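In the two complexes that follow, chain A is the common piece, with chain B as its partner first and chain C second.
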Partner chain A sequence: MTPARTNPAMAALRNRVWLVTLSALIALFVINWILQPNLVTPNVLKSNLTVFLPVVLVAIGQSYVILGGDIDLSVGSIVALVNVVTVSVIAALGGGVPAIFAGIGAGILTGVACGLVNGLLIAGLRFQAIVTTFATGIIFGGLALRILPTAGLPVPAEYWRTYGGAVLGLPVVLWVLILALVIIAIIARRPFIKHLSAVGGLRQAAFQSGLPVARIRILAYVLAGLFAAFASLCLTGETASGDPLMGRLLALSSISAVVLGGAALAGGSGSAFGAVLGALVLGMIGNVIFFARFPFEYQTLIQGLITLLALAGGVLVARR
Partner chain B sequence: MNRLRSTLTDPLVLATLSILVLLAAGEALSPGFARGDQIVRLLVVSAILGLVAAGQSLVVIGGREGIDLSVGASISLGAVLAGNVMAGQDGSIFLAVLVAGGATFLIGLINGLGVTMLRIPPLVMTLGMTGVVQGALIVISRGIPSGNAAPALMAFVNRPLVFGLPGILILWALVGVLMWVLLRRTRLGYAIYAIGSNERAAELTGLPVRAIRTLLYGLSGLFAGLTGVIVIGYTGNSFVSVGDQYVLPSVIAVVIGGISLAGGQGNYFGAMLGAIALTLLTSVLTTLQLEFWGRQLIFGAVLLMLMLLYGRAGRLRA
Partner chain C sequence: MTLLLKAESITKRYGAVVALSDGGLELEQGEIHALLGANGCGKSTLCKIIAGTVAKNSGTLSILGRAVEIGGPREAEALGVALFYQELSLVPQLSVADNIFLGREQRSGAGFLDARALRRDTEQLIARFAEVAGAGFSADALVSDLSPDQRQIVEILKVLARKPRIIIFDEATAALDRNQVALFFAILRELKAEGVSSIFITHRMDEVFEITDRITVMRNGATVARFVTAETDRQAVVHAMVGDVTALAERPAARPRSDKPARLVLESVGNKRVQQVSLSLRPGEIVGLGGLQGQGQSSLLQGLFGAAPFTSGTIRLDGEQVRISRPSHAIGKGIAYVSGDRGRDAAFHGRSIFENIAAASFSKERPAMVWPGRLRERFTKAAATLSTKYAGLSAPIGSLSGGNQQKIFIARWLATQPSVLLLDDPTKGIDLGAKADFFALARRLADEGAAILFYSSEDAELLSLCDRILVFNSGAVAGELEGEALTAYNLTNAAYGRAA
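What follows is the complex of A and B.
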């Protein structure tokens, strides 16, 4: 909006906000390492990644929606719904290995369906995104409670043992992260991402240049549903059971992660990769505060202040 | 036909119709639902939501994607501060209102400065502020319920004061009148609509856009803090997350009342009707004796229906 002040260094930085986020992440990592000397051991790194992974995955999906100039407040409820569908299908089919695959498939389909509903309402019927995804979030959450009224219904040991285990010498959680990065790299090379950014930046112009605006926005919501489903399957592997209230705070933390990763909420800029870094930064802030041994009752306040400052900093860097 | 259609989709008409239909439905489901004292009880609950929605309306009308998600944390802060200052003493009510309102006004101003000076998107700024205020609340109260309402405050909220109406309803009506005067009869009010509908033009006419918008966020914090005082008067004591339940309903009440989230249009009268309609809907769903999930499904579906009727963006044109 403001005419660019032509400072080449700043201009270069604007398109690489994720570099700033990455620097912050490295700094936080070093501080964490100083405070917690056993951080760089396979077990500690793995348990950290296990904790961060759900936010990372949800944030990736959210980043596509935000790039398109929309927002999705329902991702937390999608996580809950996918979880109860998955554990219920596994239990209903007897809990063997084929049942686990069926459950995972049903969970992914559920996530995609939820994203499709959001997309059709918002891009198809032109509903307002904030209120609509709040409403569909209530509906998805209600359905989750219908399917599984209380927490429980354990998943078979094969599920959580595999998730907590290793394949080819690397932990499965790391494979999940690698797979997610590969998927976003593939998406980043498709024309879709340019179109989505155009739709988020200048919707009217995008429409006039002949882009199928509605279809592109719907696809972004479907991706958000899909990645919420991935996050849910990971959380299910971590908790090893069903919980209709799972993922309550994921919508808000995913939005924070996307903004930290350098996206403008107005749409048109930012990247899924930045969102990954943003989610890791959020997680590391929590770690550092925990290990800095602040008095317990001050930890939430300090975390809130640092997160607010980080968000403000992210927004400022993204604009200059 | 077109005229009928545009009347029927007028948010104010629609909100009023929804209120009447919900009252009739409630009465049919459980005779006595629409009795005088029951309606007063529902209006008290609506008033609490309506007070938060007053600040939310101002912020939304002020434009630039205005929204205040920190009202929940500010309500909690107002309730906890007021409870501790009052400590059950009638004589300290005035001081409690001052402390709660002052602290939350300040928080709102900081939100406003972040939005105007640093140009942080309101959603992000107020979300970040929520985390800070929640952290401060834990420091203040150590996470346990603290503070007590003074008897006079509880009477003000729950007992009839004049014509069988509790003081809170008189206060709400007064706020409604003040909001109307502010928005429709003062230069500041016109300025708020001006910056909400066309910020650039407002700036060119010499309006202090940033100062006005900062003030709007301050007022939103102030309304939330005062709502916190009312909440502790309603429930008797407070806990650190007492305000969370009001955040998104305050936005929904504003939208149901016909205030566009794009800014620059609508009025508080609509938001008042929206608050009543939303409270009635929740109450009717409770009388249905459905299980929780069933109520959630219907609540979400009704919101979507309202969106279908008048929450839609214009069609893109070539």
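What follows is the complex of A and C.
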């Protein structure tokens, strides 16, 4: 339509839907604080972050795929597969410090390989993203069960102690979050992010502009696999053992987080930073419900309602 | 003169459809070369082959005498070829600056985006068009917020930013008004002076004779004639394009105003971009909306159609006050809206031609069940009135040439038999023959009692079709021309706010 003379504040907001997510996050934080007065103590904050971190990481990876106009339903299974690969490698190599590093390396490679498979099938062979990652998700999950049929196989104490500990006075979980933020800040300043938005916004136009469309989409899936691997390594540090069914709900919560963070599922708009905020909002909603002591049978219901409410804020701003 | 680009016996098939059977073109260094032909004759296809976005089936391309295989847009760019896409190659979600430099972003030493350089370069490019681009045209504006002419300007800048030596402009002027075209031509001439060669596709004959050096004409997928512009005339060229056609119908001699009661009355309506517009439209009348690009003509039509609803004033339809705050209200009252902005307003991308025609009929008639067989017949007839060239109603809309797509959207609304027809630059991209048919059709609808509001970015169209013209300036009616006063001279003057 004709360019509307909207007021500039609204226009600025429309391009920064994550500001709405940030407000929701602050509001939820305050409510949580009121309900749980000891929230702002180092230990409670740290344990909260430990719980939220896996969703945050998976959501970051998912945000790139969605920005490119695709979707990845297999990230939960990638988390499981990375976990069992890591613990198996560590166990097979005897459980020393070098074995831990080898396990982490193997886990990261596994995540990248899974993302590559998704990307090649979808961007290379032009399979439908939803159905393909639904199927590869089942396959990755099946592989995880094949490698480690039942939960178990504890990781060495060095692994989970380090993960639960502190470096230079800051908890390791916080370092992980900082590192993730640095990575997304770097990616956000690379031409890649523009190319990815173009591919998700209008694929035809991206191709006509000379962009290597398939390579860009594959790279987004690889990033999703990589961040799923990071999430898995964190979860492994938290649970301290292997679990082939780990992370089953992560695909849907990561997608919710990305949308809460202001991305359009159709692609072309949104940011990884928004996804981080969205994931934190999802986590805080869980906290608030827990501490508000709603009767158990209402918790899920209320969780759904608050999530809708948080989503509505972004929709109202983004709509013209 | 050196021969820069030569395309010879190019062929291209899409399944059973032959888009090109014998495409050919010879482009010399530093010339402006017109590529002409009716809708669907293969102009865009030939250009996309040269620009590497479509693969040819056979034929040869050579640049400076050397045969080249152009495997993709990247390779074309490396050879110095850039294409202005008829359907544009812009990403709506990205800003003007990001679109112009997409894929060739300015980088700092470490490979990061250099936002400052991006802004500086964009502003330099934009500056040339600042005078004529209208409100809201800036480096940071999102392309989705721009008007059709502004988006064409972005596409032009995007092509120029690649600094090519061969530029193909596929209907780059289709949505531009007189001033914008003038500026664009000035740039073309500068490029020519620098030795850049341009291929220029248009359906506006005046432009061909104003700017081009030579002409290549295509017909049904084959190159059929070549002319030197200075040595030929309009008739010869048109004849080569389409055979014998009736020229654009002359405006009928001023007819006495019918004294039927008004069909549509607007009393000081306004929305975001028009203020205090009043007008009255009788059945059988075709009223033009003139003036420079973006003075509120489209907004008035969109307001009437409920797409950008009026926030003040009243609308009367056949004497009765009505409220139109959504397109469905308007459709229910027999109002139809043909937009020239097909990419955004009209097309259901990826859907069939049938569905694209059916959309408006469905929302008007709200059938409980659909019998495609019966509709098929009706739609076939509607499409045939404008001699649309298509493989079948079930083919996807994207398989049509630009002009033929536009004909489908006109057919969509004609199939609803509207009593008020709103035409918003409806002829964008359609060829001379079809335009004449369309004008005759609009005239016939009016004679049967429809009331028509017509906006065009091309003054000649307004002058040949309208009974009277309201000239817009800054969202308000600045003047009205009628009868003897309907001349190009008066229209231009009124557009600039001088007395007619």
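We adopt the following convention: the second predicted complex is superposed on the first by the 308 of 320 C-alpha atoms of A that agree within 3 Å, B and C clash if a C-alpha of one lies under 4 Å from a C-alpha of the other, contacts with A are read in each partner's own complex, and residues count from 1 in each chain.
Basically, a contact is a pair of C-beta atoms (placed from the backbone, for glycine too) under 8 Å apart; a residue touches a chain by one contact, two chains touch by 3 or more.
Keep in mind it's a predicted model, so treat the numbers as computed, not measured.
Partners chain B and chain C, once the complexes are superposed on chain A, run into each other and clash. Within the superposed three-chain model, A:Leu211 lies in touch with chain C and out of touch with chain B [touch as defined at top].
Applying the stated contact rule after C-alpha superposition, one finds that A:Arg190 touches chain C and leaves chain B untouched. Which of chain B and chain C touches more residues of chain A is settled by the count: it is B.
With both structures placed on the common chain, the touch criterion links A:Leu49 to neither chain B nor chain C.
By the touch criterion stated above, A:Ala198 is placed in contact with chain C alone, chain B being left untouched.
When both complexes are overlaid on chain A, the residue A:Leu301 reaches chain B alone and has no touch with chain C.
Contacts of A:Leu143 after superposition: chain B is touched, whereas chain C is not reached. Looking at the shared chain after the overlay, A:Val131 reaches chain B, while chain C stays out of its contact range.
Put simply, of the chain B stretches 77-85, 131-139 or 203-211, the part that bumps into chain C is 203-211. The residues of chain A shared by its contacts with chain B and with chain C are 204, 207-208, 264.
If you check the complex, the residues on chain A that touch chain B are 71, 121, 125-128, 130-132, 134-139, 141-146, 149, 203-204, 207-208, 213, 252, 255-256, 259, 264-266, 297-305, 307-308, 311-312, 315-316, 319.
In the complex of the two chains, the chain C residues touching chain A come out as 53, 72-74, 76-77, 83, 85, 88-94, 98, 102-103, 105, 107, 111-113, 135-136, 141-142, 145-147, 150, 158, 272-273, 294, 298-299, 302, 307-308, 345.
Across the complex, chain A is touched by residues 65, 67, 114, 118-121, 123-125, 127-136, 138-139, 142-143, 248, 251-252, 255, 261, 291-297, 299-301, 303-304, 307-308, 311-318 of chain B. If you check the complex, the residues on chain A that touch chain C are 1-5, 15, 189-191, 194-195, 197-198, 200-202, 204-212, 264, 268-269.
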